[in-house]
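In the two assemblies presented below, chain A is common to both, partnered first by chain B and then by chain C.
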Partner chain A sequence: MSSTARISNSNWLFLHAVCVFAFLYLPIAVLILYSFNREGVGGFPPHHLTLDWYRTLFGDGPMWDSVLNSLQVAAVAMAISLALGIPAALALDRAQFPGKALFRRLVLLPLILPGIITGLSLLMLFNLTNTKLSLATIILGHGTALISVATTEVFAGLQKLDRSQEEASLDLGANYWQTFWRITVPNLKLPIIGAALLIFTLSMDEIAVSFFLIGRDNTLPLEIWGRLRRGITPEINAVSAIIFVFSLVAIVLWYRLRVRGEGQPDVGTEITAAAEGQMV
Partner chain B sequence: MFSRAYKAAVTLPPVLWVVIFLVTPYALMFCYSFWSVSAAQTIVHSWNLANYGVLLHVDVYWQTLLRSMWIAARVTIFSLLLGYPLAYFLSFRAGGKKDLLYQLVIIPLWVSYLVRAYAWKTILGSDGVLNTLLQYAHVTKHPLEFLLYSPFAVVLTLTHIYTPFAFLPIYAALEHIPRSLVEASHDLGASPAQTFWKVILPLSIPGAIAGATFAFVLSLGDFLAPLLLGGPSGIMISNIVVSLFGAAYNWPLGAAISLCMLMLVVSLLFFSERLEKKWSFS
Partner chain C sequence: MGHFVTAGGCSNSAKSMITSEIPMASAPELKSRTTLLSVRKVAKQFGKNVVLKEISLEVAEGEFLTILGESGSGKTTLLRIIAGFEKASAGEVWMGEDRLDLQPPYRRRVNTVFQNYALFPHLTVEQNVAYGLRVAKRPESEIASRIAEALEKVKMSAHAKSKPSKISGGQQQRVALARALVNRPRLLLLDEPLSALDANLRRQMQVELKALQREVGISFIFVTHDQEEAMVMSDRIALLRSGELEQVATPREIYGRPATAYAAQFIGHTNLLKGDVKSGVVCCGDLTWTSDRPDGPVLFSLRPENIRLLSQTASLPTLVRVQGKVVAQAFHGATELIRVQCAGGLVLVVRAPASTSPLDEVLLAFSPIDAIPVTKSAERI
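And now, the complex of A and B:
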């Protein structure tokens, strides 16, 4: 094969990559652009640029209530996932117990299972135990589904951890509890912060599980969903643009963490791990 | 070095939690699927296979399941067609830009699912961006109605959402290929095309299988994109489940369908795992 063929192959691949990126970013660009369009949704070309939709949004009580609800849900779900995911990773790394392989698969399952199955099965549990649906049930749902994220992140961190420090701490008379807080956790700081950030973001965006566990108070995605069902409202463009900006901030934070931690797992390795976790 | 007490302390809480909030709910779903609803709209705890009989004999259920699988299959194929060459480009041709481009593929994953699905609605609608653009450019006189509220819209949106999911394991697999193998192939006189087909592609198959499984499983269970963009012809199996748990009030039948989905997903994971093992060299 001649070198010209190779170059044209490269060009073809480059062109393909450009198209895929355009496909991935076009909708996001459209949303942001049209959030400044007075006519709101649709219509080409956009004209009469305005900040009206942002103004409407800032005066929108129910929308802000739902933002507060989502922040609460994400914070508590994050705490639950970490409180269970960190010990789960320690258990997978250090303990032998019957059903360990099954346990690992079960923990990872909600990450690859369609949200409807997680949501509905929990709904049946809450229904049978006469638990009233509320933000608390959503928190339990998110907390349970996202243990997977904390576990995979921390487990990956543990694989790289040198156990001699913990050993020294124990030899010098510290108990397990002291060793955990003074040696294990500080050494796993980056994976834990990374997991926390990822869990928080995923919980803020989650809708399929929340959909079935919602009580009287809406989370932000469900508030948006409710309005979309009633018809297109241009305010949604504005709120989407704001969500996008916050997501970008989270990514930049994440990226700086990663650079410091040299090859800490990211959302990509997370998903890859979930796919491969099925094999372990 | 770790005592039994330590091991018990880290093992028991997560195992208990998983049993209560994952295993019990799945078990309940299993039980529900054998129960039924009385005329007075209460759940009757009598055990029978009636729900599964309904699934077999009422056309709409298995037809919708087949349609959902067909939609998911198209999403999978398109995600692979978009994701594989992209992953190959990043891994072998992007040079120093590799990390930046990788982050660019990840970013959309952080942007709310709902927001992106909604964006496609504003693009495809009859007063949407695409239709008004086409009319503005005098390509069409009247808005193209088939764009929105069709299986096409659902496939397009789900492909947009799950392409990064398909991309990631493929990229990871390509990155793990020792570059010395590729060089050896070149040195031994293989053309770039031969190197791709005989060395790179076979080594990346496990990644492609993992990516395809992701795209298929997640799009199969989707119900929000069909509700938002699918219209009557784009209804998927999860939409039926949602209505059975809502207005149609037949939780047992809904549970039976969910359980079938769960079994389908778990067996797919099982088979893709076997396939990945078969293709992996190590």
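And now, the complex of A and C:
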């Protein structure tokens, strides 16, 4: 009796899971499906599958310019956030300084703040300094907002690092600089690569901050957004499908690195990941 | 080879290394050796927590010195100050003519074997051992031959290409040893390196480590909380208690003539007898014997093996005798520890050859010269 109850209970839970999953992913599935639909966005179910929209997309100059712009922005923003985020993580892990607890919370702030606020405040700063808006300002915006990703990821890696290894290195005659490059960095390889992947992906489809800081050159999400005002075209479905696949690959890679590096991601990092998701 | 095989599992002679080179009874000649390391009035405190109080200690060339103490006694802190991972709050550390404590760890000709070995997980065994030489930019040909030699010495040549995670704890320990010794330090520090090993392997490694130290002739400072380990391996033991040195002496000396009640109790079993001396006669409860000690209260340490069980009829005038009732017997193989409730409320623990039958009423005797006067250790935390 009780076992049948349990079975039906678990059936309900299973059904519930299927619904949640459908709710989350059905729109994306439809989008990908329509990118292959000859009739474009109208007509369900699709009768004729085609690659025409992808062909159009590949011949679309402005769209490709925006893709290249986005890649450029993501790559430089990644370099900036890592260059500033890794030392910040080291400081959090090793140094003792007044206001450390405050710094630790503040460094997370750009993650939690809505992108509108980050974007708006940077826009005001650039206005104040008479800086011309361009890709460079977007790069600065992304770099600022994503430092916290680099810091939290690398800090988590540092916390798991066995300090006696660094002592062993000093003991064996390596100075602090040599120890950092030969022991600390190799042991942080996974968190650093993970952070880089995540930052790259987040920057690639960032809208809120970019929206405020955009100059003449569009990034990919803004280009798409601009075209959407003139109505949905199947070409946009095609580019969205491509972005989806790339983001998926990057996120899966990041997650697998993380699991390999730490056994299981703990609850804290899940929350961080969720917060990061929210920002997009 | 079998004659020094211990009770545990090192009878497997194929596994044990260099055992044939172990000198049997060896009273090391230390008196002629020069001082290598000199710790002068070193103190350390973390905030308000005083960990070391004015420690002074000397280590001779080629000496095996053990710092023995309970956890929290400050022994690891002292080691870390010598290695350079901690700064002393006061005092100096000298190696020969060099002031060591002002140099960063990477300039000191001191290497450490860490408690958890601290092997570099991203490097192979071979690369781990080569680390110090590579950093020192030795020529690759020299590095290759020195690694080979070091790995050979610890019998790890077969695992040269393995990652540390793929070898056992005992093997990791040997690699850590090779990684330190390959740099030819003047002093090797070992922070409880055997504590992670199981009992049999541990006994085997004690013998091997001691033999290795003799072979390379480098001074070792070995930190442990295990008094038996300290006795087996050391030329001298420095007994540390709550940040102060209780006694520094050879194992035989510290066991035979403990300076303090704490030393007597920490190293081996002992009976502590509280007594009074009055005009040449010692009174400990119902026990009395003559002594040339000055009048006043006195504390004696009497080792259980120095108390004998007498048959009722024996009469030996030089011995102190006391009647008692056995309350407990703990079998230890060749011997047993017998707890005896004596007249006058005194309880004595006696070590005697294991008997076949339970005991009841016994007559105990000991020689007054085996009652070693010790100072009462100051009450500390």
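Assume the second predicted complex is superposed on the first by the 251 of 280 C-alpha atoms of A that agree within 3 Å, B and C clash if a C-alpha of one lies under 4 Å from a C-alpha of the other, contacts with A are read in each partner's own complex, and residues count from 1 in each chain.
Convention: contacts are C-beta pairs under 8 Å (C-beta built on N, C-alpha and C of every residue); 3 or more make two chains touch, one makes a residue touch a chain.
As the structure is a prediction and not an experimental result, all values here were calculated from the model.
Of the two partner chains placed by superposition, only chain B is touched by A:Pro27; chain C is not.
When the two complexes are overlaid on their common chain A, residue A:Glu167 makes contact with chain B and with chain C alike. The partner that reaches more residues of chain A, of the two candidates chain B and chain C, is B.
Residue contacts after overlaying the shared chain place A:Gln178 against chain C, while chain B stays out of touching range.
Shared-chain residue A:Ser10: touches chain B; no touch with chain C.
By the document's definition of touching, of the two partners only chain C reaches A:Pro186; chain B does not. In the superposition on the C-alpha atoms of chain A, the part of chain A touched by chain B in one complex and by chain C in the other spans residues 167, 170. Here chain A touches chain C in the complex through residues 162, 164-165, 167-175, 178, 182-183, 186-187, 189, going by the rule given at the top.
Taken together, the chain C residues at the contact with chain A in this complex read 83-85, 104-106, 110-112, 114-116, 118-122, 131-132, 135-136, 179-180, 183. Put simply, chain B touches chain A in their complex at residues 1-3, 5-7, 9-11, 13-15, 17-18, 21-26, 28-29, 32, 82-83, 85-86, 88-90, 93, 101-116, 118-123, 125, 127-129, 131-133, 135-136, 160, 163-165, 168-169, 171-172, 191-193, 210-211, 213-214, 217-218, 220-224, 227-228, 238, 241-242, 245, 251, 254-255, 258, 261-262, 265, 269, 272-273, 276-277. Taken together, the chain A residues at the contact with chain B in this complex read 1, 6, 9-10, 13-14, 16-17, 20-21, 23-28, 30-31, 34, 41-45, 83-85, 87-88, 90-91, 94-95, 97, 103, 106-107, 109-110, 112-118, 120-125, 128, 140, 144, 147, 151, 163, 166-167, 170, 176, 201, 205, 207-208, 211-212, 221, 224-225, 228-229, 232, 236-237, 240, 243-244, 247-248, 250-251, 255, 266-269, 271-272, 275-276, 278-279.
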